[in-house]
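When the chains are written out, they are named A, B, C, D, E and F in that same order, and each has its own residue count from 1.
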Amino acid sequence: MLLTLMVVLPFLGSVAAAFLPAGARNTAASWATSVTVACTVLVLLFYPEVQDGRVASVRFEWLPQFGIDVYLRMDGFAWLFALLVSLMGALVVLYARYYMSAEDPVPRFFSFLLAFMGAMLGIVLSGNLIQLVVFWELTSLTSFMLIAYWYHLPDARRAARMAVVVTVGGGLCLLLGVLMLGAIVGSYDLDDVLAAGDAIRAHRWYPTVLVLVALGALTKSAQFPFHFWLPQAMTAPTPVSAYLHSATMVKAGVFLLARLWPALYGSELWFWLITGAGAASLLVGAISATFQRDTKGVLAYSTISHLGLITMLLGMNSELALVAAVFHMMNHATFKASLFMGAGIVQHETGTRDMQRLSGLAHAMPLTATVATVAAAAMAGVPLLNGFLSKEMFFEESIVVGGATGLVITLPTIATIAGAFSVAYSVRFIHQVFFGRPATDLPKTPKEPTRGMLVPSALLVVACLLIGILPARTIGPVLETAMLSILGANLPEYRLVVWQGFTAPLLLSLTASTLGLSLYLLLLKRRATMRPTPLLSLVDASRLFDVGNVVVVRGAARVAHFFFTRRLQSQLLAIVGIALVAGVAAFGGVGWSAGDQPLHPLDPLFVLLWVGGAACAIGAAQQAKFHRLAALIMLGGAGLVTCLTFAWFSAPDLALTQITVEVVSVVLLLLGLRWLPRRIPFDDPRRRTPRARARRLRDVALALGAGTGAAALAFAVLTRPNGAEIRDFYVDNALEIANGRNVVNVILVDYRSFDTFGEITVVAIVAIIVYALLRRFRPAPESIDVPRAQRADPSPPVGVLDDPLPRGYMKIPAVLVRLLGPMAGLVSVYFLLRGHDAPGGGFVGGLVMATAVIVQYMVGGTMWVESRLRIHPQLWIALGLLTAGAAGILAWLAAKPFLSALSVDLHVPLLGDLHLSSVLLFDLGVYMLVIGAVVLMLVALAHQSLRSPRRTQFVEETADAQAAEEAAETSTSEASA
Amino acid sequence: MTALLDHLPILPIAVPLFAAAAMLLVGDARRTLRYSIAFGSLTVQLAVALVLLYQTTDAAAHIWPNGIGVYEIGGWPAPFGIVLVVDRLSSMMLTLTATVALAALVYSTAHWDRPGQPFHSLFQLLVMGLNGAFLTGDLFNLFVFFEVLLAASYGLVLRGLGTARVRMGLHYIAVNLAASFLFLIGVALIYGTVGTLNMADLLGHVEALPPDDRALFDAGAWILGIAFLVKAGSWPLNSWLPGAYSVSIAPVAAVFAVMTKVGVYAVLRLGTLMSEDAAAATILGEILYYTGLVTLVSGMIGMLATQHLKRLVSYSVIVSSGLLLASLGLGIEAVTPPVLFYLATSVLTTAAFFLLTGMTDRTRLVMPPAHEPDAQGDILPVYMAFGVTSPDPYGTEEEVGAAIPAAMAFLGLMFVCCVLLVAGLPPLPGFVAKFTLLSVVLETAPVVGARNAGWVLAVAVLATGIVSVVALTRIGMRLFWSPAQRRTPRLHVVEAAPVAFLVLVCLGLTAASGPVMRFFDATARSLHDPDTYIETVLGSRVASRTEGDAQ
Amino acid sequence: MEAVYALAIGVLVAAGVWLLLRPRTFQVIMGLSLLSYATNLFIFGMGRLEIQRPPILSGGEATPALYADPVPQALVLTAIVIGFATTALFLVVLLALRGLSGTDHVDGREPEQ
Amino acid sequence: MKPIADRWPVALTVSLVAMWLLLNQTLAPVHIVLGTLLAIALAWASRRLRPLQPRLARLGLVPVLLARVLQDIVRSNIAVARIVLGLVGDREIRSGFVDIPLEMRDPHALAVLAGIVTSTPGTVWVDLAADGSRVTLHVLDLRDEQDWIDWIKLRYERLLMGIFE
Amino acid sequence: MNAVFDYAAWFASLCFVLAMLLALLRMFLGPAAQDRVLALDAFYLNGMLTLLMLGIRSSSTVYFDMALLIALFGFASTIAFAKFLLSGEVIEP
Amino acid sequence: MNGMELPLWVTIPGTLLLVAGGLLTLIGALGLVRLPDFFMRMHPPTMGTTLGAGCVLIASMLVSSALEQHPVVHELLITLFIVMTAPVTAMLLMRAAVFRAQRKGDDAAPPTGAQAVARRAQDEDPLVGRPAPPDEPS
């Protein structure tokens, strides 16, 4: 349980810190200190439980189907790292309390720092690989937020993004690798994976897994060639650099390699991959560190180099090397964190990190200088300091393993060169900052920092000394516990002593020191230390990253134009084309064939009818561009022929509906045409280009293809027998159960009334939308005026409100049409009521009624009609929906499902038998809704001619429209970089 | 009470319908009343959805033994009447819809639902359409509900007008009208060949078809499938999507996140009900796989290419569609539970993200209109006869709720959460979805490894993660960290709470991954067992038919 | 008759598709109208062609085979209505686009070439 | 007290009932009741659209009118058919507009006249002067304007003025 | 005698269909918009007569309703066209 | 058809009426195509509207009455509606044609009365001539 607390506590602390007010610096710092100290104490308490290879663990069930539990597991190695993380956290928090400026929003800083710590502890304590990846990615994210803490600095933003992209990308590779490990082992539990090393190495996925895990680890530990993000990340506040980018997060990569070492090590690939990357990082880091101007730059590259050293050791497939690696992880964390703190103090007190400006600070800040010097010495590998011990082990292993792998010369040489550079940059760091003539032109006058900043750094240096002098007493048992937990029975003999006699490693060490000092003196003499790194600066990985970023974005923008067209025509082309392909492809196996059902004998009349219909369709297609009215007329012709076809083939209901819809559609389109300024036919040269011709040809081909396809499909079905059983059911039960003779209507209002229900909803929706759109409609400027024909007419045909009849030529039409009105109304009710037994129904009835209303508008004009007839179409729509719905719910009273037909037979004296049914109520709802919707749409369009000024608009509205406008445009230029 | 329980399956359709109709009767001025109706309706829907969800689980096996409930509308049994079928999949979709819609509705009251526009009615009808599409067991009825939801979405896309919206709206409408024609033709062919419209009734008839009739049926099924793929935003039929979604106002776009999934749902639902033919399934699978993969890639490229957050989120919708289709195309049954998990997450994620964009849009500095609106364009039509007195459908700006402090911090936090969700990074459930998916894919990789399909998909899934991070950090940094040209918006609790709510639901999903995944396991089993579905829906009809065959 | 009927559908589809692929909004709406005729005929055809057999029951007993298949007819009715509604909507949207963008090109802007 | 026809469109109501029965082809009591209810409702709903009510004075003249119209229709159908088929010998067909002065002012009577003119092939109603004083017809075979003026005035105007007003 | 009647009915139908085609010819020839509208009006009327003939030929009364509707509202689209030509809009304010 | 034998009182007048109606309508349609100008073309289609339709309607009444075994006269309603709506169509089309002809210059307008109408229109119009409506195909 305490184990859980160890991980949860920092997160809780983080959340709590986030809620502190921005100015609460001390509160936040104290809070963070208590959390980190508490964690440290917790970790220390666990030491007895992890000794002798024992493991403390806690497990909560989470996703058992996928073998994933929340599983925290602490062994010796994890304990060591947990101690590192929590202790270092405590020191850094202490340091940061004084380092951070009062203007900074400190609670946010501590919040992220604590979250990071939690995530780091999570990595360390994960007993499950997936869970490890979860925390792994969390460290990347918190690191992102911490690097970008001063996000007003462009460099900080860029560095943060670079770091997060590299590490998250690596994390995703790791995820894949881990998933594959899980697939190989059959479990994601660390215990199982570590136990299955042989199986893993024998699996054909092993190389892939190795590469993927390595990618995760190397990106995280800033190893070559992914090292470039780390120096950039130095824009972060120094506590962050000290904590994340030297002591802990970058160690996660090597931690992982060590953690999975038993499962993955032992192959040539492992050696070449890991040692290779490590060696490259070791050299690149060491050389680059020598040529940095920025104090933190030196430390960053040296971190790369030292992590390279650790990586190399891990790759050597040797148990002793592993011990050395783990040992050096601890050592590096102590001296490097101390150095970062020192560099931070220098920056804090002088206002600069530029080594060219810094000089002779030892006078003003002797304590700081002392502490930093000792730490740097540890980094250089000076005896009696911890760095020396692990470096010696490294030299030894380079010789041993070099001998074993045939790299007798290469490995020790690499080690020595790196050692030399390490000495050089360490000496340079101390010499150029603290010694020499005191600098005078610094932004701030240097002085010793407050004790709070110095103490953490000094404590770390004390640790360096203690370990360096008394390794077996201090780090010895702890290291053994840790190594035991990794290696178990394979733990080799090793001795942690300062003096091992004159051995080959010592020789190498001396050589390196000598070389390093000479190198520094040489460089100093030639004033070369401030120059860009020779050769290596030619390949600037971070620059490449930026360029790559821009290339990717620009490239994506270009490719996106291929993937996403902005032209409607292309989209429709794709749909039609694909449908055609799909339709044809379905016949790939058996081919198309007509059925053997006997055909109806050809009726010449029908042929003639469709000669006309086809002519209308083609004519409409041809005229639609410039002669809209003609096209509309021809469309009407095609519609009538379609309607006659329905009638011809025994579908009177369809014919009725089609004809009424036809009339309303024509009126609707004409009402719309009023607001569509005329197109003047002209000879567009663009239409004659070969490309335009080719496009038209393609469209013709597609149209013909689609037409042929549709005809072929239709013919194939028409010539096959109809075996629909549901038809039989519908016909059989229509009269007896559903009480209707018109089976189509019975389907519409009873069997499948739910379709009708949805259909009227669609009509209602569209009417509402049309009305809403038209209320805000801005017509084309060309068509906003009263049509000229009307302007010229002194006696408007309609619209004089008090006149009973129009004065102009509409007088007699008005008399006739108004007389027709009630008659049409009667016809509409007739169709409504008889629908169940004969062609008709609510829909046709409603359309007839709506048309009756619309023709009144046509002869009377909007104002005149509305001064005498208040129609509330929305009301009709709403009532229609409610009525239809009520007809549905009525069935519940009889404990029947929604829309079940309920009927009552009444016997009324004189009148005879009456059959009342909820079906009629439903049809009444349809009727009302159709009236309302159609009238609403048509009248709303008609109202466009009746306009008045509106009120001013609102800024929000503009903003909203602006946002939409921006969303619609994809700018291809890239802003970042 | 028990009587009402019997009618539960119809409520997700009836409740929003009545609410919408009732709101049409309520005048523009009575905003609170309309809002109360809308809110009440969605609350009821969420409750009903949860009850239905419960009823489909094994815990409620006494209610619906197979986890499948059938509601015979009009009292006509399948395949003659239209039936609503509640199973785990549909009840999950109902729950998702209600959740997202509720969040979007609350959000919309901040200032997106000004009077004069029938926002709430259309919103309810959109939800009704979605619910209907998820519930119906009838192919043509599915078309009708597609039309209901599309019609409502047409209006909602256009909400707010402006040239961009109308242009994108026109494209959206035109494309969907074309797709609707395909839908109709597909359904017609299916009826023409097998003589039934009930989804459960298809399989029995299809298997009895002679080969050349079967080709006709296939043509219908393929054409129908294209209509679904258009809705699902599958490449190359998805060019409309980024435009239409990104011009929509935030709460609408949030519900559209569910809408895209209707296409996927239809594929999922009908895929197993149309054919048990292994060869056909393989072809279908390959097509789905490759289509999905290309869609996924196209979405990623779009994400990388765009500079605009809402557009980016729209592309992420495409990515998620691609991922879903490609995964389904693998033809591994075990992949279905993670796919469903992913589907649920991506709906919630995208919805939350769209809602968030509505707030981040306001961090920009708004320039007042540069020119006086032209006199002609601002002459609006009058509708005295309709009982409308004001020519201006927009009422006065009225702030709702209290502004929340630390607006930027909240936005930033939510943004990060959304990024994690979209990128599939821990600790949010996007990660769970992705790793469970990959876990299944990799476990079965040796089996299906011949095609390398699993590997390619795995890499693509991981690529989406890194692409999301690359693209979103770029936009996020500009949005939150670029010092100039930004203002801190006033956020209202009603806007902030829904986003936080959706993110919390996501967190809840992560925490409850185990039980959720168990539910999806059961869902997948039920999906891959069409016989139970068919038997439950057709009931005794199946028995009688087999008897008839015997005779 | 069946061949003529199928050809009629083919012609309507061809004309409709051609218009659908045109750049002017009015052409597209005409195309949609033609396509909706075609689709309606197509659906209707799925019930096969029957002459003089409207599905209106005359006698007391009904022999299903004597009547035209009513199901496609009912489907077409729904399709007609929905088609009408969407045409109306498309019309208003194209008008709005014309008003806002100043062009009747489907993309709201004239193609530059 | 105005006559009831001024307050309620009796003629319309009765015709609507008749229409309803005609539509339903029945004389069943249910339909008579229903038809009456519908007729009343529709007449009421449309009353404000039709502020002027026709005053039918002598309905007995209607059969005379119908007979004349029928006669004219048959005759002019044959005449127009001959013209279309070119069976008019060498005579050149001259069509044109004719202005016909009118005394009749009742709009319903004018509407009936318009119906008659339109239904008779060979003549089309073009325009009615704003003050109602004359009507312009278009005549297919215009030989003598006076013939057409007489045709309207003698054969129909007087009769219509008898029926209405 | 029935056969003769059937032939007559067929002949009348043929006449109406041919009349439709002739109207269509005028619709295509124009030359003015009013010619096309007039042609459409004639087309509708002949369509109505064709429907009535379908009714007569099939001895069915269901076609009557369609004819009734065309008679009632066939003019609506014609006058909409005419008004459009005449005053530039179908419904004036 | 339908297997039912129609009585002679239906078939004999029915045959005649149908032939007459068909021919009249066809001639009317022919006139629509043949006659040289719009104003003249207005006339022949009326043949179909009146006598042509009348013949068919009477024939229909006869057939229906025979089938239903009682007098069926609801075809009268069709006649009523045609008579009521035809003038409206004709008037508006004529009016449109006159003004459109006039605007194009009088070349297409018929000789005599047209000028009278045109003059009157001009007297009433403050503007000379009628400008074009927005969409004006030829």
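Rule of thumb we're sticking to: a residue touches a chain if its C-beta (ideal position, glycine included) is under 8 Å from a C-beta of that chain, and two chains touch if they have at least 3 such contacts.
The structure presented is a predicted model; accordingly, all values stated were derived computationally and were not measured.
Participant: Hopping along touching chains only, can you work out the least number of steps from chain A to chain D?
Facilitator: 1
Participant: If you apply the touch rule, which chains end up adjacent to both chain A and chain E?
Facilitator: Touching chain A and chain E alike, sorted by label: C, F.
Participant: Spelling it out: a chain qualifies if it touches chain C and also touches chain E; which chains qualify?
Facilitator: In this structure, the chains that contact chain E and also chain C are A.
Participant: Would you kindly say which chain has the C-alpha centre located farthest from the C-alpha centre of chain A?
Facilitator: It is D whose centre lies farthest from that of chain A.
Participant: Would you kindly tell me how far, in whole Å, the mean C-alpha position of chain F lies from that of chain C?
Facilitator: 30
Participant: Just the number, please: Cα centre separation of chain C and chain D in whole Å.
Facilitator: That pair's centroid distance is 40 Å.
Participant: I'd like the Å distance between the centres of chain E and chain F, where a centre is the mean of that chain's Cα atoms.
Facilitator: Roughly 10 Å separates the two chain centres.
Participant: What are the residues of chain E that contact at least two other chains?
Facilitator: Answer for chain E, listing residues that touch two or more other chains: 13-14, 18, 20, 30, 33, 36-37, 39, 58, 60, 62, 68, 72, 74, 79, 83-88.
Participant: Of all the residues in chain C, which ones touch at least 2 other chains?
Facilitator: Residues 20, 25, 28, 42, 45-47, 51-52, 54, 56, 71, 75, 78, 82, 85-86, 89, 93-94, 96, 99-100, 106-107 of chain C touch two or more partner chains.
Participant: What residues in chain A touch two or more of the other chains?
Facilitator: 566, 568, 572, 576, 628-630, 632, 648, 652, 673-674, 676-677, 710, 713, 717, 722, 724, 726-727, 730, 752, 755, 759, 762, 765-766, 769, 773-774, 777-778, 781, 787-789, 793, 795, 809, 812-813, 816, 819-820, 823, 827, 838-839, 859, 862, 869, 945-946, in rising order.
Participant: Of all possible chain pairs, which ones touch?
Facilitator: Contacting pairs: A-B, A-C, A-D, A-E, A-F, B-C, C-E, D-F, E-F.
Participant: Which stretch or stretches of chain C touch chain B in the complex?
Facilitator: Residues 20, 25, 28, 32, 35-36, 39, 42-43, 45-47, 71-72, 75, 78-79, 82, 85-86, 89-90, 93-94, 96-97, 99-101, 106-108 of chain C touch chain B in their complex.
Participant: Looking at the complex, which residues from chain D come into contact with chain F?
Facilitator: Contacts found on chain D: 19, 22-23, 25, 73-74, 77, 80-81, 83-85, 93-99, 111, 114-115, 117-127, 129-130, 136, 138, 140, 142.
Participant: For chain B, which residues are in contact with chain C within the complex?
Facilitator: 140, 144, 147, 151, 154, 158, 161-163, 166-167, 169-171, 173-174, 177-178, 180-181, 184-185, 187-189, 191-192, 197, 377
Participant: In the complex of these two chains, what residues of chain E are touching chain C?
Facilitator: Within the complex, chain E touches chain C at residues 58, 60, 62.
Participant: In the complex of these two chains, what residues of chain C are touching chain A?
Facilitator: 1-31, 33-34, 37-38, 40-42, 44-58, 60, 62-64, 67-71, 73-78, 80-82, 84-89, 91-96, 98-100, 102, 104, 106-107, 111, 113
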